Each structure stands twice: as C-alpha cells, then as structure tokens.
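Note that chain A is present in both complexes that follow, paired respectively with chain B and with chain C.
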Partner chain A sequence: MQVYLIRRAITFAVTVWLAASLAFVTLLIIPGNPAQIILGIDASPSAVAAVERALGLDEPPMVRYLRWLGDLARLDLGTSLVYGVPVGSLIAERLRVTLPLTIMALVLATVLGVPLGLFAARRRGSWADLAATAFAQIGIATPSFWLGIFLILVFAVNLRWLPAGGFTPWSQNPGKAFLSLVLPAFALGLARAASLTRIVRSAALEVLSADYIRTARAKGVPEGVVIRRHVLRNALIAVATVISLETAQLLAGAIIVENVFTLPGLGTLVLNAVSNRDFPLVQGIVVCIACVILVLSLVTDILYAYLDPRIRYS
Partner chain B sequence: MNQGTGQNKLTVTARRLRGRWNLVVGVVILLALVATAVASYFYVPHDPNRISVMNRFQPPGGEFRLGTDQFGRDLLSRIMVGSRVTILVGVVAVGIGLTAGLLLGGLAAQYGRWIDETLMRLMDAVAAYPPLLLAILFGSIMGPGVVSGMLAIGIATVPLFARLVRANFLTLREAEFVQAARAAGASNARILWRHLLPNTAAILLVQATIAFANAILAEAALSYLGLGTQPPHPSWGRMLREAQDFLVFSPYPALMPGMAIAVTVLGLNLLGDGLRDLLDPKTR
Partner chain C sequence: MDVGNLRHPHRRSRLGRVIAVLAMAAALSLGLLVPAMAQQPSRGGHLTIAQSAEPPVLDPSATTATAATSIVHHNVLEGLVKVDGNGNLVPGLAESWTVSPDATEYVFRLRQGVRFHNGQPFTSADVKAKFEVARDPNSGHTNYLYYENIAAIETPDDYTVIFRMSEPDAEFLYNLARPDSVIPPAGYGEAQRTHPIGTGPFRFVEWVRGSHVRLERFDGYYRPGLPYLDGVTFRFIADPNAQVAALLAGDIDAIGGAVTAEQAFRVQQAPGFKVIEGPSTSTVVLAMNNSRAPLNDVRVRRAINHAVNKEEVMVGAEFGFGQVIGSHMTPAEPYYADMTEMYPYDPARARAFLAEAGYPNGFRLTLSLPNSYTYAVRAGEIMAEHLSRVGIQVDIELVEWATWLSRIFGQADYDLTVIGHAEPMDINIYANPNYYFRYDSPEARALLAEARSTGSEEGRRDVYRRLQEHIARDAVNVWVYARPYFILSRTDLYGWWEKLPMVITDVTEVYFAR
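Let's look at the complex of A and B:
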C-alpha cells in the first residue's frame, strides 16, 4: 500500500503539472494577441506594446512559462487585470458560494440516488424499477439550466417559497444564505442523482446475484441485514469511485447554474472574466478547478483501496 | 423469392429488436433529429428570424405550432434551424474525440513504455478539464463562437476514447486469435486492420453515441452562457437564455427548446444503452 501511495503521489504531481501547463500552452498556441484582444482592434501599437509589457508578453514564452510555474508552485495565481487584486483571493472569496452549492448538490444527489438505486435493484423488473430507471434517464437528459429556470418559475415566482436568485452573504444571515442555495442545489444535483441511481442500481444488481448473497440468505440472515451489510457496502464502492467524476460534473455545472440564479460564485466570476478578457483570472480559475478535480480523483483512488478489501495495491 | 428473403430478414430484425425498446426509441429520436435538420434546409413554416410584435407570446397551436417568443418569432422554425448546430457540434466534437483517441490510444498500446506513460498522463491532464471549462478557456482567447466550442468539447472527449482504445487493444493483443495471426506471419498493420479495429468498433460506437449526447448538452450550456452560437442564428441553448427573462409572460419559449434538448439527449442515451445491450455478449 505504501509503495502504491508513493507511486500514486508521483503520478499525481506529474498530472497536476501537465494539467496546469495545458492552460498556459493553450493561451500560447491559440491565435490572437492577448494585449490586442484586451484593448480592441482600434488600439494604437504603442498602447498594445505597453499592455504586452505589463503582462510580460514581450518576454520569450519559455521565460514566461517558468516564471508562471514558479508562481504557481507558491500558489500565486497572478493578479486580475480588471479587479487589480490577486486571483487567489478572488477565487477564495467566491468559493464561499460555489463550495456550499456543490456540497449541497452532492448531498442531494447521494441522498436521492443511493436509496433509489438500491430500491430499484431490489424490485428489478417491477413498475417501481421502471419508474426509477425512467427518472434516471430523464434526469440525466435534462439540462440543469432548463430545470433551474422552471424551478424559479414554480417555487419562486408562483409559490414564493424560495428566492428567485441572488445571494445573502453567510455573515449577514446564514439562514437566508442557505435558502438562496436550495433551488440552485436542486437544479445542479438532480442530474447527478439520476446518474447515481443508475450506477447504484447496476452495482447493486451485480452484488444481489453474487453467491455470497445467496449464502447469506440461505443462512437465514434477515433481508435488512443482507442489504445493509453486503449490498449497500459493495454498492458504496461504486459510489466512491463515481463521486470524483460526479464532483467534476458538479463544479462544471455550477458555472451554469450560478448564472441562472445570479449567484456570486466562481461560475459568474469566470464568465465575467471571459467577457472582460481577464486572462490571468480565467487561467487561475480553470487551473484551480482542474486541480480540485485531480485531487478528488486521488482521494477516490485511495478511498477505493480502503473500502474494498479485495483491492490491495502493491 | 427475393420478396420472401426480404420478409425473412424483416422478421429476424423484428425478433432481434423485440425487448429492445430503448434501441428502437433511440433510433426513432435520432432519425427525427436528422430529418428535422435536413428538412430545415428546404422548408420552415416561418422565417426563423422574422420579428412580429403582433404575434408575441403566442401559445402553441394555430398558425404557430409551438408558439412564438418575445419577438413574435416562430418557435418551431427556430428549433428546426437550431437542430443544425446541434448535429454539427455533436458530429465534429465526437469526430475529433474519436480520431485523436484512436490515434493516441493506439500509439500508447502499440509502443508501450515511456510513450504509453507520457500519453496516458497527458490524457489524465486533459481529463481534468470538463468540456465547459475547456470551452471557456478557448472562448476567452478565440472569442465566443461555435468553432471554439466544438474544438473544446471535442478535445475534452479525447481521453475517454484514448483510454478505451488503449485498454481494448492491450487486451486483444493477448487474445489467442491475435496471437495465432501473429504466428501465421500477419503484419502489424494487418493485425490492426483485421483484428484490433473491428473488435473495438462496437464499444467505440456505444461510447460515441453517449459522447454525442454529452456534446449536445455541453453545446446547449455554452450557447446558454453566450459562449456558443451567436445571435441572430438560433440555437437551442441560446433560445432558452433569451426566453428566461420573459418566463412570467409565457413559459413556452423556454419550454420548447429545453424539451428539444432533453428529448434528443434522452434518445441518444437510450440508443447508446440499446447498442451496448445488443453488442455486448455479456448482457445478451
């Protein structure tokens, strides 16, 4: 296990380096001079040259890359062109919205998806199974932003139960802050719940047909215990593996859902940065999200080894 | 005689399709999508960009089958024309993913060692970028538009195909029939063409169908965010965005394009599942 962890740590470091470099290289190879793009086509050559100097674009790419990488290693993501403050602090501030939203959506997806998947597997071929499978298929196909729009129409505009958008800061009113994330979390989490339902159902079906389940039942182990001790535990292994994938989807999805509900999170920040041509900010956010996804996949791999006693990496 | 054989074939096909409702529904939806896009070049009920204040927020039925939007534009015509972008993005993105994935996965499997290790770490790095994130990165430099969106969605799908091709090629290479072909003196190219590719095609087809569905969702999201198709060209995601502010006046301008996206994605996912059931001997 230790050897595995060391090897995994090395590959992780290499992958993070490559992923971060990709964001840098993309800005290099895609046509267009950032300074020109920031100032517009009518800008004078001297103004363009000044911005190029300010951005360090007048230096050779290799020098820029090494400096950028060095800064990144010290967790310095650069300074936003528009806000004039460090990209890192902007991201940290916006995470106060995006992180709780992602966690709420993930909890919702798990609380809804796992029991529903188990339930469908236990009643395979029944109407209940068909309904759960239909929910899963339709849920995966429904765009989160479309769902979000109609959640606003029904629960905010017509019923007036929850706010239609915007965000009250946690420091002002935690209750209101939570309520403003409920509808977005539903819009974001429902497709993930649907996807989890499918995965848990098929994982549980595989476990249910295993010999040890038949043996447990033959021994007279109560059905509830069989489900809890054997089926759920093994299905959870599947859940642990997909959770990193799901979280990646949730983070990307948060960009859209925050936009639907006008939440001041990472998603709205990155979109503003795109329209303002704030390259350091776009690059910083993109690298940050990619790294979070890589960390999650590392955690999942290790968790996987702990959850499944059959897996012992060497 | 010929007619008899034809009928037999039909019966056999019908028998194969029995119990595979997801495959049938998937094929029907996909055909409907393609037919809609093709038909939109020859016939649309109204000019999709014609503004008519008199006809704002018409409910479905009558002259405007699916109703009209906030500018009085016909929703059906706009959905029909919008389906072209949907198909284009799906085909190009999956094409990029499939071609690059085959090439990179094949190279990794064939040469192994450091080439394999480097390519696979690179794929891990690309896989850390969800399609939307990559599209945002590209859009910030190339400017928002269909091309940067297609490119980003396509590149984001490459790791999926590359890993699949590599894993399949590695397993197949050890299979007895490939070893036998090698012992009989077959060249690498012949083994690739006659054995590895045909035996990977089924799994790639299934994956391509699902990747197509995901590409459509990603394009809709991009257009919704204003990073995909630019106005006045209609696209389903963009129609939703524009309709959002007028939801209290009429839900249909948002409902219809959303339904189009959901039904198309549902159809492609069902098709993918159906193909997997049909082609995977384990589930037969």
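Let's look at the complex of A and C:
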C-alpha cells in the first residue's frame, strides 16, 4: 500500500508539472501580448513597452518559466498579469461558485441517471425503456448553452421563478446563492444524467442476465432486494468509473454554462485568462483543475476497493 | 481623375435602393423616436446595466479598453474638460479656460470646493501631478502623445493651472476631454487600477471580478442635485442572448455598451422596454495593408473602394442601422466632412481600375476578421462577396482578438481586415507610418501639423476637411459606415445620452420616472 501511495504521489506531481508546462508553452506559441491587451488598441507603443517592463514580460521565457516553477514549489501561484491580484485568491474566490455548481450537477445527474437506468433495464423493451433511452439520446445531443438559454427563457423570463443569471454571494444570502445555481446545474447536469442513464442501463442489463441473479430469484429473494443487493452493487463499479469521468466533463462544461448564466466561476475566469494571455492565471487554473481530476481518480480507485472486495492495491 | 470622382453622380443599383428602403422601414418599425425627457427627474433608485466585456483594469490612464472607460469616465472619474452628449466641449473640473491665439498657452481656472471621493480636496497640485506622469513616455500611461507638446505646467495658486506648449497644439483641449486625461488624487498610485478614486457623481464601491462593478451616489458632488440615482451596477454579461433574457426577466434595467441590432429588435417588441439609437464615433473600416502588393497601388485601393456596396454591408451587418461614411470621421465628431460621393458603388469602374493597375483578371487576398466582433465578421463576409464580383478572390480567416491585436494591429501581418475604430478624433493615426495601415504620407502629416497649429475654429474645420479628403483620395482604407449606438432600457428610465460622441455610459442624469 505504501509503495502504491508513493507511486501515485510521483505520478501526481509529474502530471501537474506537465499540464502546467504545456499551458505555458501553448501561450508562448500563440500570438498575443498581455501588455497590449491591457492597454487596448489606442495606446502608444511606448506605453506598451513600459507595461511589458512592469509586468516582467521583457525577460526571456525560460527565466519566467523557471521563476514560476520555483514559486509553485513553494505553493505560490504568482500574481495575475491583468488583474494584479494573487492567482490563488482569484481561484479560491471562483471555486466558491464552480465547486457547488459541479456538485449540484453531479448530484442531479446521479439521482436522475441511476434510477432511470435501472428502471429502463428492468423493463427492457417496454415503452418506459424506450422513453428513458430517448431521454438519454436527446439529453446527450442537446448542447448545454442551448439548454441554458431555453431554461432561462422558460423559468426566468416567462415564469419568473428563478434569476436569469448572475450570482448572489453565499456570504450575502445563502438561499439566493443556491437559487442562482439551480438553472445552471440543470443545464450542466442534464446531459450527464442522460449519459449516466445509458451506462447504468447497459451495466444493469449485463448483470441482470448473470447466473447469480437467476439463482437469487430462483431461491425466492424479493425483487427489490435483488436489484439493491445484487444488480446495483455489481453495476456500481462501472457507474463509479463513469461518475469520475463525468466530473471531469462537468468541469469542462462549466466553462460554457457559467458564461451563459454569467456566473463568476472558474469557467469564466479561464476563458478571460486565455483571451487576456494572462500566463500565471492560466497556469494556476490548469494546476488547480489537474489536481481536482487527479484527486478524483484517486478517490475512485479507493472506492473500487470498497465496492468490490476483490480489488486490492499493492 | 480625382475631381471626376467627386463630380460623378452618385449611382445606386436597384438592389441598393431596395435595401435602403428596407433599412428605412426597419428603422421606422423600431419606432426609434423615443422622447428623452418625459417628466421631472426624480431622485433615487438603483440602476443595473449590462455590458458585454469586463475591463482588465478600471483606470483609463492604464487602459484604453472601452469596457473600462464606459464605466468610470464621467461617472467616477473626470477631467478638466468634458464632452457632453452632443459632442460639445463643456467645463469639467475646470470652470473656465483661455487659450492663446497661437495655441501655445492654456490657462485653466479650476472649480473651488471640489473634493475627491476620499475626502481630499481637489487642487492644481493634482492636475500637475497627473500630467507630469501622462507626458512621460516611459510611465506606461496609455498615450503620452496627447500630452507630448507640454513644455511646462505651472500652478501659480491652488485653483489656476497654466500649460505652456513647446509648439502650437490646438488639439490639446479636446485631448483633455478624453478618458486618458481623468485626474486622480495626487499620490494615490497603482490602487487607481482596481479601486478608482475621482471627483465624479458616483464613487466606486466594489468590483467583483467576473460579475460586476458597483458604484454609489457621491453626496459631495459639485453639481447640485446630481446624480439622480442612488447607485449603479455594471454587470458583465458576455452573451447577447443572456443580456436580453436578463433584461426581460427584470434582473437588469438596461443594456449598454456593444449592443447589437438583433438585441434592439427583440427588446423593441417586448412591452415595457425602449430602444434609444443614435450615431456613434465608431468608424468601421475595411483596412488595407498599404505596404503590401498589390494594395500598395492606389488604383487597386480605389478599385476596392468602388467595389464595396456600403449600404448592403450596413444592412447585413447592422440591420441597416448606422450611417454610410466616406472618410475616417463620423457625423458624431466635430469636424466631420461628407466624402461619401467620392467612391460610389460601381463594379464596372472597379474593374477598370484593376485593369489599369495591371490586374485585369484580379488577384487573391486574405481577409482576417476578428471573431469576437460579430459586426466585423458579417461586414467582412459581405465585402468578400463584393470583391469577388470584380475579380478579387478573398480568403476569409477568422482570428481571435488577442491574435488580431498582436499579429495584425501590432505587426501589420495581414492584407485586409475589418474593425470599428471607436475612439473619437483619431484621424491622427493616418500621420503614423507605423500604424497597421502602413500608410506613409508626408502630406497627411503636414495637414495634421497644420490642424494642430490652427487656433481658429473655421480654420481647423477647413484643414480637417482637407485631411479627410486627402486620405479618401489616397483610398487608404474603405470607410464603410459609422456604427449605431444603442441603449436598451426599461421605458421608465430617462436621461440617457442620445448620441455617443465619446465611448462612455454617462449615467449622471439618468433617472427612474416616478
């Protein structure tokens, strides 16, 4: 177990370093000068040069890269070029929106997708199965920005139940903060619920045709117990893998949904950071997202061992 | 040839006429003649207004981004002189001024009893501190060129400032009305970028990045009774559909900044909302790289000017809103001269020019379009079609804004591009051979120098007319149209600017009807 953990830790560090370096190199290759972006189109060239000096952009890329790596080793993500604020605090601020949003979308996807998938599998071939499969197909095919606009028009513009966008900070009014995340969570989570329905349905179908299910039914185990104890438990390995992958998808999807609902989350931040060529900010976000995904895959692996006692790590 | 061009009757194709009629019908159906003042202004209320872009910083001396100036200029920060909603120069922090006849000495009498939002009194020391930094090319101030002729700044007392210029500079007064010229409290420094302090009717309260900037009424404002509103929130909503949804849902009260014609249509149809439309200073150009063959041949550039049907472009890009122009000034600017007759839409003449230049079969060019500006992309696509009709094959390339800034604007690595130049009175760019048009004309430089040294109003009008005519004759670019300015707002909001002579959202006199 110890060896395994050390191996995981090394992989973790190398992956984070690679991801952040890739972001740095990409930003170097594509055209764009943060100083010009800050100053805008009407500023004089001497002003651009002065701002470049002030931001340290006149130094060779290697020097900037090494300095950034040194800071990272001390867990310092640096300062945003454009906003002039520490990257760490910007990300922490935005995670207060993106993390709850992702969790809400994930919960939504799970409570919708898992029962629906099981339900469809049990009634394979029925009209209910057909409806669930159709929901899955349509859900996967619907772009989240379109769904977002649709939800805004129905629930914000026509019914006026929920805000059309924007975010009330948690500190100001937790209830309103939650409400401002409801529509975005639906826009983000529905496609994931749809894809989860499909996976759970096919995983459950596979288990349902297994010999031990026939045996369980033959010896008179009630159907509810069969589904809970045998079908669900055995299908969960596949489901856990999918949920962990879906979470990564949710983080990517948040970029679009946060923009439609103008939520001050990590998604809008990364979009601005890239279009502003804000090197330290982009790298900081990449490091942060890489960490989240790596932690998630670690948790999934541990969960495997819990779900299936046959799996052991050494 | 040039005179012939000027005298040539304005010929319009049948399609052009149909489109013009359609455009007019569109304008009428929008019912754009909204009365500005319905009743007596009333105090109170908090205005929430959406704009599409979030600024990088909030200090107009650190950025020329209109996303920043639209929020803070006039509302939070002020200069010695202001431009009012009709484009006239009016007193700001200076209550009066005198200019020597040769435009080498400017004396300003400052308002007394003015305080900054932090309580500090406003005096001539603040003015001197500001412009000492602004005229230093190494300070990083947005544009030292506006102030480069300042030889000395004298402050004989707390309320008098004298600018002595090294050479005549009749532009100086106008430059003092620009966002770049706003005056912060002396010694406040870098914090101005994120927590701006000024003398305006509203004081800065907070900037939640990715969300909004909130301002509150400044009770110590020197104009009695103003502002009417208790506060203003500028919310950043990038998506135009989401902006309209938020307006219709009642989350916001108005949409300002870069409003599109589609948005105007949708809002106009909804009960309880109105559309205010007027001219802006944004000059949409099909910019040409004058240093690259075959665009370095004036006959080719004239051919391109004749090939473009500007009315059609305006209909396609802005639903017919806006105004066709013929040189680098718009009707919203003070010295506008009409040059639209010089290059009427005339494909036959375009082909003749191309043949004369040695390209009877045309050639191939790349048109680079900034993908974040819908109007530019649409206008570009239509003009590409126009050019193909006279034999010029155009490859369209979409570029992201940062790339556009660096590659096209910075390095002039392009053939053709489309962009709106929002800055007012920016015809001086034609005197800079390194500007991305790469237009090098000693005559243009001489005319600009003459404008700078001409003190009299009529004299300046004449020089600027000659300058507009000169660059039009050289066909440096195709000046397509002046973009429309829109405010979409609740019907019970009044006091908006009716024109946009300066790219700002001045809410000093905006109020809710009670």
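The rule is short, and it goes like this: the second predicted complex is superposed on the first by the 249 of 314 C-alpha atoms of A that agree within 3 Å, B and C clash if a C-alpha of one lies under 4 Å from a C-alpha of the other, contacts with A are read in each partner's own complex, and residues count from 1 in each chain.
The working rule: a residue touches a chain if its C-beta (ideal position, glycine included) is under 8 Å from a C-beta of that chain, and two chains touch if they have at least 3 such contacts.
Everything numeric in this text was worked out from a predicted model, so none of it was measured.
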Quiz prompt | First (chain B), second (chain C), both or neither touched by A:Gln36 | solution = second
Practice problem: Examine A:Thr11 and indicate which partner it touches, taking first as chain B and second as chain C; both and neither are also allowed. | Solution: first
Quiz item: Given the touch rule stated above, what does A:Ala128 touch, chain B (first), chain C (second), both, or neither?
Solution: neither
Quiz item: Taking the superposition as given, does A:Arg277 touch the first partner, chain B, the second, chain C, both, or neither?
Solution: both
Quiz item: Which holds for A:Val182: it touches chain B only (first), chain C only (second), both, or neither?
Solution: neither
Quiz prompt | Which superposed partner A:Ala50 touches (first chain B, second chain C, both, neither) | solution = second
Quiz item: Touching A:Asn259 in the superposition: chain B (first), chain C (second), both, neither?
Solution: both
Practice problem: In the overlay, answer first, second, both or neither for which of chain B and chain C A:Leu153 touches. | Solution: both
Practice problem: In the overlay, answer first, second, both or neither for which of chain B and chain C A:Leu99 touches. | Solution: neither
Quiz item: Touching chain B and also chain C: which chain A residues?
Solution: 30-32, 37, 145, 149, 152-153, 157, 259-260, 275, 277
Self-check item: chain B to chain A touching residues, read off their complex
Solution: 121-122, 124-126, 128-133, 136-144, 213, 217, 220-221, 224-227, 237, 240, 243-244, 247-248, 251, 254-255, 258, 261-263, 265-266, 269-270
Quiz item: Which part of chain A faces chain C closely enough to touch in the complex?
Solution: 30-33, 36-47, 50-51, 54, 82-85, 90, 93-94, 145, 149, 152-153, 156-157, 160, 163-167, 169, 259-265, 268-269, 272, 275-277
Quiz item: What part of chain C is in contact with chain A in the complex they form?
Solution: 54, 56-57, 62-66, 137-145, 190, 193-194, 208-212, 235-239, 241-242, 245-246, 248-251, 372, 400-403, 405-407, 409-410, 421, 423, 426, 434
Practice problem: Mind listing the chain A positions that touch chain B in their complex? | Solution: 11, 14-15, 18-19, 21-23, 26-27, 30-32, 34, 37, 137-138, 140-143, 145-146, 149-150, 152-153, 157, 248-249, 251-252, 255-256, 259-260, 270-271, 273-275, 277, 279, 282-283, 286, 289-291, 293-294, 297
